[in-house]
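In the two complexes below, chain A is the common chain; its partner is chain B in one and chain C in the other.
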Partner chain A sequence: MIKVENLAKTYETKVRKGFFKSNKVQLEAVKNICMEIDKGKIIGLLGINGAGKTTTIKMLSTLLLPTAGSITVDGIDAIKNPMTVKKRINMVAGGERMIYWRLTGRENLWYYGQIYGIDDKILSKRIDELLNLVGITHKQDTPVENYSKGMKQRLQIARGLINNPDYIFMDEPTLGLDALIAKELRQHVKKIACEDGKGILLTSHYMAEIEELCDYVYILNKGEIIEKGTPKNLAMLGLKNKTVYLKVEKNSVAYEGIYNACRLTDNSVVVEHDNKEDQFIITSALDLKLTLSKFCMNNKVPIIKLYEEEPKLEDAIIRFAKEA
Partner chain B sequence: MNLKTLNATFIRNFIVQLRAYPKEFFIGNLLTGIYTSLSAFFMYKLLFRGSMQASFKQYAGTGDYISYVIVGTAVYLYVVRTCLNVSRSLITELRTGTLESIMIAPFNRMQYFVGSMLQQVITTSGEIVIAILVSIPFGLRFPNFNAMSFIVVFIISLFSFFSLSMVLACIMLYFRDTYISQNTLFLALFLLCGITYPIEYLPKLVRIISGFIPITGSVNLIRGSSLLGLGIRQQMGTMIYVFILSTFYCVLGFKLMKKIEHIALEKIQG
Partner chain C sequence: MMIKFIKAMKAEMLKQHKVYFHNKIIYVSLFIWPLLSFISSYFSFKPFNINSSTVSYLNEKNLLIFILLGYICMSFFRSLVQSAWNFSFERLSGTLEYIYLSPVNRFAVILGNALSSLFESVWVMVVFSIGIFIMKHEYFNINIPAAIITFLLMIIMAIMWGMLLNALFLFSRDSSFLFTVLEEPMEIFSGVKVPTTIFPFWAKIISFIFPLTYALDAIRKVFLNGANLAEVKSSILCSIFIILLMFVIINLCLILGEKHAKKTGNMTLF
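On to the complex of A and B.
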């Protein structure tokens, strides 16, 4: 397990004041973060731009030294023993970086395998397996510069797995990919966690991706964790008002009754009628689904459709960020 | 001993160089050698009218200006190619977006740099051998070539180039720029290290500065073995001096590198 306690990072940057003068400015990128990443789980790290996601990932991957706090990987102090920890972790980033464009896919994996000190026989077998896993065996001897964006990203994932790490940090791995390839990659990520038992920390701007993949999510804002929980719970927490859609057979008396039934239950309710779809959109802090269904049953108003809008993680993130 | 990082970096750099810089690049470098020989030839024949001052013979130990300049320039070419490419290897990783992916690996820094260095030495040696062959018709002569001494001083010289590269690598990575080093530092090395004239012609203060640059000693050592026929014992003093100075630069470079790497990664992020 990766255990992070009170992790903080402050950058010191210089702001120019004229040609010779400059002022030092302290920027707190991450403040007192605590989190846990278990093997076999996909943990999401969410937040708007500049929330501190990438800084956190870079500290976890030993690339940046924290200003305060501790990181332990399976009980090993990552700050004191970075070389030991490096063998157990790896990182995958979006945006066509982290691979050599002049080398072929196989040469890339060979090079990274060599600098990890992997035995030649094991490495050759692992390269074959990884190329097969990410589906680029047919392009293994083509220089990466001739790869499509999706293939480069798949190679990145293979590179991230070359040292058979226990934990992988994925920083927006589907950035800039089309829907089909992004879906394929999500399947790979799921497989890596569920079947291979690797712990994954994932950041993404695509909420659907987080909702689909993550077992647990931390929401960062201005360097602090402001919420945490399962994607479903967070979406529910972030949902201030529930929206119910109701469509009944056209009946002016029934329409009037629906308005009244809603207002009687919640006087702050907003009831709108969508003329195009000929349906009611009812927004309320209370659960009005049951009230409406009872009203229709008692008044023998045939219901064509009645459903409550699923809470969205995206709305929750926006709400949490605004409140913070 | 596990030399995987050295071997892999050496092979990787060769492949990248072959694919990135095809034969035109090789020809370009050859032309540099030919131009050097030609300029030395014309300077000697047209400017100096085929004769050198007595002071030159006294300081250089030879009156053969053409050979003196060609050997000096060949050493300078080694300096530029090895120092420049080794020192900018990490900043190149930064520019190609691979710095983080190698930094996350528990790789051996020394092997990584030595791998880059060896690849450059082999490529440059190929070019210099051809440049030397081309220079022979223009008057390049090795009448007193001491092979054994040359091998030893060549190895020490490579170490001195490597050590200077380590310090340079820190400077480049810190400033995230290769411009200063490429366009200023190498020109300073050309002027200060006795590439085309003995440093005794320089003012005293400049000579002191020149003495702290290991390249100055290396140029003298290589000229001593290849042109003057000096043996290992006769050059022992200079060899020890260059070795100690280079060790100092090397240790300094590696010590600084650990800190600079983190600063560089923070700068990218911060």
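On to the complex of A and C.
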């Protein structure tokens, strides 16, 4: 397990004040972060740009030294023993950089395998397995410059697994990919966690991705964790108003009837009639589904459909960020 | 430990070979430039009376060998300045971050890079020079044991020079100025074209900065004057001292650079 306690990072930057003068400014990028990443779990790290996600990932991956706090990877202090920890972790970043375009996919994996000091026989077998896992075996001897964006990203994932790490940090792994390839990659990520038992820390701006993949999510804002929980719970927490859709048989009830029934429960309810769909849209801070079904039953109004809109993680993130 | 060091070094050599020497035309270009410089230097000496030179190992007959020796040695050093410049792109492309993410020995990586470039870049020039040397062998006055030792020292010094530049280029965002500062001045002040003994005082001081100066002086004395090891002792000792000094600075740069990168979050020391 990766255990992070009170992690903080302050950068010192220079602000120019004329040709020769400059002032030093302290920038608190991350403060008091506590989190846990278990093997076999996918943990999401969310936040708007500049929230501190990449700084956190860089500290976890030993590329950046924290100003305060501790990181332990399976009980090993990552700050004191970075070289030992480096063998157990790896990172996958989104985009097309960070691979050698003139090398083939296989050569890229071979190079990274060599710098991890993997035995040649094991490495050759692992490269075969990884190429197969990400589905680019047929292109293994083609230079990466001839790969599509999706294939490059798949190679990045294979590269991230080359040292068979226990934990992988994925920084926007589906950045810039089309929906189909992104879906395929998500399946690979799921497989890596569920079947291979690797712990994954994932950052993404695609909320659907987080909702689909993550077991637990931390929301960062201005370097601090402002909320944490399962994606479903967070979405519910972030929901200010619930929206209920009610469709009844034509002309079986008047707008006023619905509005008055709802007002008895929530004084600030908003009821609209969607002419296109011929349905009522009821927005309220309270759950009005029961009130509505009781009203329809008592007034013998035949319900065609009555459902509540699913809460969205994206709305929750925006709300949390605004409130913070 | 040693096996992992060699594996990393070998992998780096192969990677650099495939990334930068992917096209055979590159070898031609790496040969053409030193060759043109060599020809231009040789013919610029022609109008002058070389025999009246105060330099003991330079006369009309061995002028060609004198200049060619300068350009072979220069090729070794120049190739490493270019390799370091190429390597700085690793920082820009983000691959350096992945190298730092791994537990690889950083010294092995830059050594691999330097070695790859050293042999890749100069072999055509060396083959050409050997051809010339065979044709003009009568003008040589070689002390073979001293020649082997001085040539090996020159290669080691070139590798260390390359590694030092690699280490500097690796961490410097604005390192391209080093390319300008080190490439041409090295050719002028190290005595590739003109022996440093005839330099004015100020130019002699500049020439001391470049390790190539010491290597070249020893090599010319050994190849053209038949000097033995005792006669080039001071140059050899200077070379060994410089190699050790560069070794210390390289390691210091690597440690400081990574420490700085970990503190600031960017791979830019200067």
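One rule holds in what follows: the second predicted complex is superposed on the first by the 321 of 324 C-alpha atoms of A that agree within 3 Å, B and C clash if a C-alpha of one lies under 4 Å from a C-alpha of the other, contacts with A are read in each partner's own complex, and residues count from 1 in each chain.
One rule holds for everything that comes next: a contact is a pair of C-beta atoms (placed from the backbone, for glycine too) under 8 Å apart; a residue touches a chain by one contact, two chains touch by 3 or more.
Not measured: the values here are computed from a predicted model.
Look at chain A after the overlay: chain B and chain C clash there.
When the shared chain is aligned, no partner comes close enough to touch A:L180: not chain B, not chain C. Of the two partner chains placed by the overlay, chain B and chain C both lie in contact with A:L64. Within the superposed three-chain model, A:R97 lies in touch with chain B and with chain C [touch as defined at top].
By the touch criterion stated above, A:L27 is placed in contact with chain B alone, chain C being left untouched.
In the superposed model, A:Q114 lies in contact with both chain B and chain C. Residues common to the contacts of chain A with chain B and with chain C across the two structures: 11-12, 55, 58, 61-65, 83-84, 86-87, 89-91, 93, 97-100, 102-103, 107, 110-112, 114-117, 159, 163.
Note for the complex: chain A touches chain B at residues 11-13, 27, 29, 54-55, 58, 61-65, 83-84, 86-87, 89-91, 93, 95-103, 107, 110-112, 114-117, 143, 159, 163.
The touching residues of chain B, when paired with chain A in their complex, are 2, 4-5, 7-9, 11-12, 15-16, 19-20, 96-98, 100-107, 112, 262, 265-266, 269-270.
Remark: chain A residues 11-12, 55, 58, 61-65, 83-84, 86-87, 89-91, 93, 97-100, 102-103, 107, 110-112, 114-117, 159, 163 touch chain C in the complex.
For chain C in complex with chain A, the residues that touch the partner chain are 3-4, 7-8, 10-12, 14-15, 18-19, 22, 93-95, 97-104, 109, 261-265.
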